[in-house]
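Next come two complexes built around chain A: one with chain B, the other with chain C.
Coming up: the complex of A and B.
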């Protein structure tokens, strides 16, 4: 396998940066997330970052088009597409799987050009995990923490070194561009450590179909604050609102992340709200993750990244809910 | 139900594939309000064309369109009819956007995108007698199918309309109800208002009881109206022997994108903007009661 010393990783990123805008997992103030790579970037390669990379493809706020309105006239102007090729280095299996989920939403049954443009121009170097965090459970969701789906290059954490394996044609080109800085060594990829959370999701989507009216949802939703933090840190949550900002004659239509935890999300102009209380909202969130999405796209809308468990102020735990469903009569 | 294409009509246009619509699904085309019809004190019908006097898109009966006023917002409305060069949306003043729309005048430019949703099952309806039941503004989506049947009169059997509103003044589409539709061959019109009032010599009473009184024979039925009307009409129809697969209704949910991506209009795993808004009672039985 082609490898490089971890201490020299910046050298290959510098090479890649000549061709791509390189995005890496890094510390950012009190949090950690994927940010553009620069000289002073504090990279975080020991564990996954706190925020997912979904904003690279689906920004928290995204301008869609401009409009100008005078009296009763209106002109619509498309916005120019920004930037060239980019590359994410160090994206984990869970977040790679989340792109597979987002692809179903944004690229099937009508292509979302805003998403597609970013997806198409982004190369992906996935990085294997060896030490699961306390809240990780990707293996329970059927993922391999050392083999990401859809990556151009799979990189392996080998302790003091990182190994590279090209997967796609684009991946081969990426490796070719840095090959001179890598050395060929025979290596053994270390086994990943033990997961603290293990849950059996087998049969849960099917069973949930008949559990819409279960009293379980009263119980589960009771402690939820509807704060929406889970949806914000979730790599697969993709709901958005569309709104506009207007200054005089000029306006910009934008979309921004929304959350099914908020009451206004389904509030209709006439006053009716089909999901009026937190019970319906919490139920919708978990049904969407574990049943509705499976029915629609034949995959779970959860990748086991554990971020929602980590961030929830009242310790809501999707794996506990899966167990509860499993055990329900 | 998903494929409601009819031989006499072009195939359903997949959102975004229409030449008039920008390839970025969410960007509207520029259009203008060419005519405004005052239906009631709080409902107006807007005729909308593109800037070059074309139909913004070619909707199937029952499909939806997203209408926007610059600087105010976007809203999803059923398309109640289409003409050679325009589409029509009947809009009740219930919120911020609709209030601004009601203040608009002919010539106002708007953004328009669509068509969205499945539409009514035209193939299934073809050759059959059809009962249309509407309450208040609920006649708007139902009217799109009525107008289709009238345009293609030979393709359908007897058309029966049962329509009610709170008062005479609240009856929408009066021009159709009292002038145009009475001239359509083999079409029966039954109009009612909730309470008696001066100058009204027609039927008085609520829609569900009027339906029971008229005792229509079981047939394909398309209904839309306020939840309370639906709630009492459905059991009445079932009691009279109407099959769940023949009872067709159209639902509404809050929508932002119209193309199954923004997430909010789901009922179970179905998106109203893609899989709906038209469902049979049989199909609704498969979905969670969350609408």
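Coming up: the complex of A and C.
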């Protein structure tokens, strides 16, 4: 396998940065996320970052178009597309799978141009995991933490080295551009550590179909605060709201993340709210992840990254809920 | 604490069996050893779920709002900060004192679950920040008290060292400091939703049509949110630190609250919110002796 010393990884990124805007997992204040690579970037390669990479493709706030409204006319102006080719280095299996989920929503039944534009110009170098975090459970969701779906290049964490394996044609080109800096070595990919969380999701989507009216939802939703932390740190949650800012004749339409945990999310113009309490909101979140999405796209809308478990102020744990569904009569 | 857990279960059982309350709010073991989480017990046979250990960090007071329009009494277990939270809601006329059966517990200080997750079971786990600074570990309001008092030495005086450090910064440094922090804000509203001083039926931040706060996530909107919320809970913040604990991106939210507490102490005399449910709020009225430097 082609490898490089971990201490020299910046040399590779510098080479790649000549052709791509390189995005890497890094520390950001008291949290960590994917940010553009620069000289002072404090990269984080030991573990996955706390915020998912979804905002690279689907920013929390994204301008859609400008408009000018005069008396009886309206002019619409498209916004210029910013930036060229980009590359994410160090994206983990769980987050790669989340792109597969987002692709289903934004690319298969109709095309979301905003998402597609960014997705098409982004190359992906996935990085294998060696040790699961306390809240990781990707294998329970059917993923391989050392082999990501959809990556152009799979990189392997080999301790003090990183190994590279091209997967796609684009991946081969990427490797060709950095080949001079890599050396060929025979390596053994370290075995993956023990997971603290193991959960069996087999049969859960089918069983949930008949559990819409289950009293279980009353019970599990009681402690929920209906904040949006879980949905905003989720790599797969993709709901958005369209809003506008208007100053005189000029306006901008933009979209921004929304959360099914918020009461306003389903608030109707006439005042009716079909999901009036936390019970309906919590139920929707788990039904969407574990049933509706499976029925629509034949895959779970959870990749086992564990971020929601990590941030929930009241320990609303999706794996515990999966177990509860399994055990329900 | 295990002995007290048994007592808690026994008391909860009695409360439910005697019909003194329809529901008991306490803590149960969560999905890891370093997590205890809120639980609601309606049936006497479920009291075994209740626990009392050094991870019962959640302030339970906020949940009383869920029972505002529900018939019957609610029993709630309280530490020092939960008790001040209950007082907060009574003083704000959100909760009827007659409707709540308060069971007090002396708080030994709760351990930091984030540190526990990092350090592992065998390490010495420090107390969570809010507990290190806590001056009221004993519940100041209760109907029943379980166990012994004095489990933790209360902190002496308010610690404003972090506020003093920020006050020393230049205006530009302050602006940069707060911009950097609030730039991270996801606007998930966990801080608001967990706060016992946030009890508006309809929050200003949810009225997007009003135009007060745009839905767009940017430093300007996020800081408007942070500052407005801090000012709205001014004089009412009970310093339970839940806002800061629950923030998924670790924004030091309590800094703004503490700055306002310091200012209130300076301008209107020392005040601790949530101690006296009948008392006057420092910012809730006018006295002729109030400072009027700006007039």
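The rule is simple: the second predicted complex is superposed on the first by the 329 of 329 C-alpha atoms of A that agree within 3 Å, B and C clash if a C-alpha of one lies under 4 Å from a C-alpha of the other, contacts with A are read in each partner's own complex, and residues count from 1 in each chain.
Operating definition for what follows: a residue touches a chain if its C-beta (ideal position, glycine included) is under 8 Å from a C-beta of that chain, and two chains touch if they have at least 3 such contacts.
What you see is a predicted model; the values in this text were computed from it and never measured.
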item: Joint occupancy of chain A by chain B and chain C, clash or fit; value: fit
item: Contacts of A:42 with chain B and chain C, given as first, second, both or neither; value: neither
item: Contacts of A:179 with chain B and chain C, given as first, second, both or neither; value: neither
item: Touched partner set for A:206, first chain B, second chain C, both or neither; value: neither
item: Chain A residues touched by each partner, larger count belonging to chain B or chain C; value: B
item: Partner chain in contact with A:11 - chain B first, chain C second, else both or neither; value: neither
item: Contacts of A:61 with chain B and chain C, given as first, second, both or neither; value: second
item: Degrees between the directions from chain A toward chain B and toward chain C, using C-alpha centres, nearest 10; value: 90
item: Touching partner for A:256 - first (chain B), second (chain C), both, neither; value: second
item: Partner chain(s) touched by A:243 [first = chain B, second = chain C, both, neither]; value: both
item: Contacts of A:227 with chain B and chain C, given as first, second, both or neither; value: second
item: Smallest separation in angstrom, by C-alpha atoms, between chain B and chain C in the superposition; value: 8
item: Common interface residues of chain A - those touching chain B in one complex and chain C in the other; value: 241, 243
item: For the chain A and chain B complex, residues of the former touching the latter; value: 64-65, 67-69, 72-76, 78, 105-106, 109-114, 212, 238-244, 246, 251, 255, 258, 260, 265-272, 274-275, 280, 284, 287-288, 291-293, 295-296
item: Footprint of chain C on chain A - complex, ascending; value: 28-31, 50-51, 60-61, 134, 196, 222-223, 225-229, 231-233, 241, 243, 245, 254, 256-257, 259, 262-264, 309, 311, 313-315, 317, 319-320
item: Contact footprint of chain A on chain C as seen in their complex; value: 30-32, 35, 37-40, 58, 62-63, 66, 117, 180-181, 184, 186-190, 192-194, 206, 208, 214-218, 242, 245-246, 248-251
item: Contact footprint of chain A on chain B as seen in their complex; value: 14-16, 22-30, 70-71, 73-75, 92, 94-98, 104-105, 107-111, 227, 252-254, 256-257, 259-264, 266-269, 274, 288, 290-291
